[in-house]
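Heads up, there are several structures right after this.
Each of the two complexes below includes chain A, the first together with chain B, the second together with chain C.
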Partner chain A sequence: MIDRFANSGFHPFVLPFLVGMIFVLTYCFFGMVRIIWELPGKDRRRFFLSLVTPRTAWKNVKDIFLNCLIHVKLWKRNPVLGYMHSSIAFGWFMIILLGHIEVMLFLPERIRFFYYPIFFNFFVAEGESTIQGSVLMFLMDFFLLIILSGIAMAIVKRFASLWFGMRRTTRLSFLDSVGLYSLWAIFPLRLLSESFTAHISGGSFLTVPMNRMFVWFFGNDMNYLPTWWAYSIALGIFMIVLPFTRYMHIPAEMLLIPLRNAGIRIIHPRKGFARVQVRSCPGCGVCIDACPMSVKKENLKDCTVYLNRQIRRGNEKRIAEISDKCLLCGKCTEVCQVGVPGPEMRLAQRSLRKYSINPHYSNIQVDPFIDAIPTGTRVLYFAGCMTHLTPGIKKSVLSLLDKAGASYSVMDPDGGLCCGRPMMMAGRDEQAREMIRLNTEIIRASGCNVLLLSCPICYRIFKEKYKLGNIRIVHHSVYFNELIHAGRLKVNREEALKLVYHDPCELGRGCGIYDEPREAVSAAGTLVEARQNHAESICCGGSLGSITLSYEKREGITRNSVDNLMAGSPDAIVTACPLCLSTFNKYADVPVKDLATVLDEKC
Partner chain B sequence: MDFGFSLSPSSAVNLDKVDLSLYDRLAAIDPGIRTCIGCGSCSATCTASAYSGMSVRKVLLAMQRGRMQEVEKMLSNCMLCGKCTMVCPRGINTRRLILNACRLYANVEGEA
Partner chain C sequence: MAEYIAVVGGGIAGMETAVRLKALGLEPVLIERSESLGGHVASWHRLFPDMSHADKLIKDLEKGLEDVDVQLGAEISSLNPLRKGYSLVLTNGKVYPCRAIVLATGFSLFPAERKEEYGYGIYDHVITNRDLEGWFNGKADSRVPESPRAIGFVHCVGSRDIKAGNSQCSKVCCITAIKQAIEMKEKFPEAEVYCFYMDLRLFGKKYEDFYIKAQRDYNIHFIRGRVSEVAETIDGQVQVKAEDTLSGKPVRVRLDLLVLMAGIVCNADNQTFTQAVQMPLDDDGFFRSRDNVGAITESDRPGVFFAGACTGAKTIPETLAEARSAALNVYLYVKGLK
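Let's turn to the complex of A and B:
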């Protein structure tokens, strides 16, 4: 192993790379400091603490490796795209790592020049003269080949994204294209330059044959300097434009993962954690196809990828429009490999709004509610606003409770207060908290030990925001399933009845309840699945999450969701949300029923 | 002197003196609100009506008559529960209407 530039260790061609590298490192360093600075003090301490806690520190390393380099989530969704991304990311990482190993093994005094590992083959001669040397050279060629296969796929994909099963991709901005083309150029140029010098530096199965061919073709080795220059320039351009392109997601995600593992949540709609979130979105566009709103062309630009983009650009008008239209169904977050929380980001934007009328509920007396609840109540049923509009559900729930011989009372027999979730969905947390306070007072005073709910919208806020001590908060789908298992409800199963279960967003993605309702449905008939189900179920379109979508504009969303449910040609659609029920009822061709009604009919 | 009866204050509205701009601005944002037929379904289901007399129908009417204090009073207990939206036969997005009214209210001149 011979250092060709033993005295200086320098050649001017490394300059473009060096400038780009210093720039991007400085940029990322200050960006990181700024974001950590913007976190609330409590979160900052929590973050630093998590970095030194062995369990979270290990989780950070593991998650960064699996998500940023291997792209496991993408593999699961689309193996072709998974291979494409991980071949480039992991291959590049390996090349950089192997470069460092080479320098450390053979020229340890050069490790402080951080271009040596990148341009090792330019600076050394007879690199493969030792066993380790030739193994490393082999690995270098191997990973370069992997990257090149990924790049080739990327090029094909750009021009034929349909083959890869993506209906819509985002359009690139000018700088994004510069970044993209320089990224594409880096690896073929590396192959060329290493091939041109392979008879000096040594090489392996790729570079050596190419070198023979070049020598035979050109008859001299005059071409190697221009290609090394070009390689360095491509690297330099890529790194200089990186902060202004979607490739910023690479460093951003490495900060996002530890922050998320530290349990930090979005507080400020733009700063701190929210800033890392929007920076971590590479604009892959997976959320566009997933979003239920995108059945209509006019809504395409309201998906999470565009929210992130507009926040990066600071376009307030569009940010407000995009934030207000969303159904908050959570599907985009479910499919996103970065895990950008679309609904939370939007709620944070909504909470920015200033109002001149601020509702308050201090005039509302809770005593009449408390007095109406008999003492000794064990199960307290809260129907909630939505169930009051679908009285059939309430009737079935009460009838099932009677059949099971449960002792219960109804908290809001003639209508009560709202649970607060719809208000919270509008970003008005202060108002919501006041409603929570009133309801909490009633529930605690009732002396119950189970709070039964039939609306997932209520259920979610009760689970997440209410502090009810030992009182068990339970959704009727879970509760009735338990009663069936305990033998307190005898359901006569009708084999021939095919039922499809629709996962309500707030119950499924919102609270992670998927299996109990299905078990209960299976007790009444034969369960069939929708095309997209469980965490990927499609919102009915009725959601209170959207502020600006009027009901006529939701028809397409609902029809698409019904269509998805009809995949197994069921005899009826079963859901566990009063709002889904009334929304589907408008457009479905088969009967739509709440789970409680289905069970009650068969009991 | 007690005549055994009293006169209620005049409820006549002088349209030259009141400010109707809130209604117009809300209608500019969502023209759908002009299609209200005053059926009262929203009032019948309203969660807040028992506390502040809230009714989307009345809010729309009061805005068109410039009776802004009534509007403010009614809105002050709305819980944004969305029942009114669900029952409205004209498909009016009442939650959007309520939120925008709360937001834009202060820029309107006081009651006549």
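Let's turn to the complex of A and C:
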């Protein structure tokens, strides 16, 4: 290969690209510095430490390669979309990589001009050593073809998203459209410009025939410069708008992954880790179809993708609206390719809320609660307020404990203190912490070694926020399943009884408990699955998570969830959450029972 | 071929409509899905405000039905519009060509077990208003203790309750609760009787007198505030937690018997009728009158009329008055006078 511009190594058409490139790199660099700066000191140290720890460092490289380039998660979910994304991302990455290899091989002195690898074919002419480059040329054309196929799919998808399994997708903002159209333009323009100069620089199976065709069509080869300009301008536009569009997720995710691998959590609602999360949202809109509220058109703009967009825009009114409305079921996070944690983002926003009345609970005496628990208690059962409102569950739990011959005490026979989770969901962290402190005191003083819970809402906060030392925190679905396996509960299985298990959000997605309740259900009857189950189960609509959804507005959500559960035409719906139970009870046509009740009936 | 007037539902509304239609010289056929007439009223004991006996009302209505075609244990299996009127096929195989239909399908009682926090079906001493009337009628009920010392009534169970999916007022439970409270106090003069209410809606003739009598002569305690939850104590009593919103304090009362005033809700199968005759259902699930002020017994469809609580909660006198009005409207319609 021969350098055509041996003197300067420059041509003015590279300027748009150069400006865009310098801008986007500077922007990303300062953005990264700012985000790391915004992290609390402890998190920052943790982050730096994780970068030099071999295990996390390797995980970072692996995750970035698999998620950002190959889009493994998306392949698993939707292979067509997976191909579309990885063809563009990985193809583009390969073209850039191959460009660098070409420069390093043939014009190593030019590597310091970082437009050379991009516009290599403009700057070189075929020489004696062309044959060495033909493999690279072939690969270049090959990956360009792959990218073009992805772009073609993207164009089709824009106008017919249903073909790609997406019922609803986001509406683009103006700059998003600019970014989108410039991205679409980049690769066809690259094909055109490389084809125009293919007789000079050489090419492969794609560019050479196209070059012949152009020469035959135009009669000369004078048209190459406008296409190279256009190619450079398209790149320039894309990179200049990138920080202000959803395409910011490309660089942001590369920071998000190491931060997440370092175990950092959202603390400030807007700064630091939250800022990376918002910027990492690709705005694909998968969360729209996943959101249980989307059964009503009026809620379509309240899912996580729009929260991120509004945070970027700084629209405080809409941020508050979206944050307060959410049921915090966590399904958006489950389907999100980047893993933006919708509920955590919203909880962080809610902590900004200023309440005019802030009750304090320092006057609550824990002694009467402690005194009510007999000494020598091993299993301490905390029913919680939701179970008190569904006394059937409490009765079944106690009856099962008796049948298993367990020695237990009830922590709140006459009503107890709140676990704190509802307060936390309402953004009242301080009050929640007070409850946690009081309950911890009672539980530690009781001398128990197992804390049994029948409400997943309580269970989650006990698991996540309470520090109870060696006391085992266990949900009744897990506990009773163990008792069945240990032979302490004899359940008479009724083969003909078809039972569907509904995964409560807080137990399933919240705490990752999916299998034990199913095993226990199978001990009582034949388990059938809902259309969407496990991590993709649909929130019952009764969640305490939403502060603003009225009961009437929840009806559609609940009916949709019931409909999903009825896919296998079960005889009864089984759940393991008192709130799901009472919510479903309103609209289900078949009996709705708690797991404990089902087991107790067959014991 | 005789042209019938179908009256669907053999409660007091349907019975009175059929009686009046017969008296007007038309040919009613009264269709009732259960094996006996009288509907909800038949399971009641005594009626406010005169403490008259429910079975006497039913017997009087039955007397007027001697010459009327009554189809018991029958439901409508298909309902098809004809050029003039409707063709009705019953589940017992009989076919009636009808000139008009009067829907008197009434209401359902809210299933109290849906308000699980009140413990109906879970605790030993929680019953509903209907259970109590059954017990008044002499039906044995182990949930009613022999000599209760404290009895509570919870108003608005499943009515005026958005959470239960039922926002309308059931109209009759306030006065029913007061009536039942007085009856219990008469049976157990030593017992303390509590009524937990949100509002007392005592709109009818002599209702207010009843309320004053209950407080003054029977010393019944009225506590304004919704019951939040009910628990069972170790000795089998029920403990009610509520907030006394007048004094602004939480109250806890231990009771030997708790009576839930289950509200009036629409029938779940109302939709099958509205679909068959292609008319809309009201948003509360009851049938929709053509006009809620001037034409409450008329529907949007020609030849379809309503009587009684199928269009919303009603008292017995209101129901009977509507039944007569419906019968008259059918007469005018059939004779082409309206």
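Criterion: the second predicted complex is superposed on the first by the 597 of 603 C-alpha atoms of A that agree within 3 Å, B and C clash if a C-alpha of one lies under 4 Å from a C-alpha of the other, contacts with A are read in each partner's own complex, and residues count from 1 in each chain.
Going forward, a residue touches a chain if its C-beta (ideal position, glycine included) is under 8 Å from a C-beta of that chain, and two chains touch if they have at least 3 such contacts.
The structure presented is a predicted model; accordingly, all values stated were derived computationally and were not measured.
Engineer: Sticking to the clash and touch definitions up top, decide whether chain B and chain C on chain A clash or fit.
Structural biologist: clash
Engineer: Specify the partner with more touching residues on chain A, choosing between chain B and chain C.
Structural biologist: The partner with more contacted residues on chain A is B.
Engineer: Could you say whether A:I547 touches chain B, chain C, both of them, or neither, answering first, second, both or neither?
Structural biologist: The first partner, chain B, only.
Engineer: Who does A:P391 touch here: chain B (first), chain C (second), both, or neither?
Structural biologist: second
Engineer: Which partner chains sit in contact with A:N363 here, chain B, chain C, both or neither? Use first/second/both/neither.
Structural biologist: In the superposed model, A:N363 contacts chain B only, not chain C.
Engineer: By the touch definition at the top of the document, which applies to A:N585: first (chain B), second (chain C), both, or neither?
Structural biologist: Second partner only, chain C.
Engineer: Under the stated touch criterion, which partner chain does A:E555 make contact with: chain B (first), chain C (second), both, or neither?
Structural biologist: In the superposition, A:E555 contacts chain C only.
Engineer: If we overlay the two complexes on their shared chain A, which of chain B and chain C does A:M32 touch? Say first, second, both or neither.
Structural biologist: After superposing on A, A:M32 lies clear of both chain B and chain C.
Engineer: After superposing on chain A, which stretch of chain B overlaps chain C: 22-30, 40-48 or 94-102?
Structural biologist: 40-48
Engineer: Can you pull the chain A residues that chain B and chain C both touch?
Structural biologist: 388-389, 415, 550-552, 582
Engineer: Which of the residues in chain C come into contact with chain A in the complex?
Structural biologist: It comes out as residues 114, 116-117, 119, 121-123, 162-165, 229-232, 241.
Engineer: If we count contacts the way the header does, which residues on chain A are in touch with chain C in the complex?
Structural biologist: Where chain A meets chain C, its residues are 388-392, 395, 414-415, 550-552, 555, 581-582, 585-587.
Engineer: Can you check the complex and tell me which residues of chain B touch chain A?
Structural biologist: It is residues 30, 32, 45, 47, 50-52, 72, 75-83, 85-87, 91-93, 95-96, 99, 101-107 of chain B that touch chain A.
Engineer: Which of the residues in chain A come into contact with chain B in the complex?
Structural biologist: So the residues of chain A touching chain B come out as 353-361, 363-364, 385-386, 388-389, 415-418, 420, 422-423, 426, 428, 431, 435, 544, 547-552, 579, 582.
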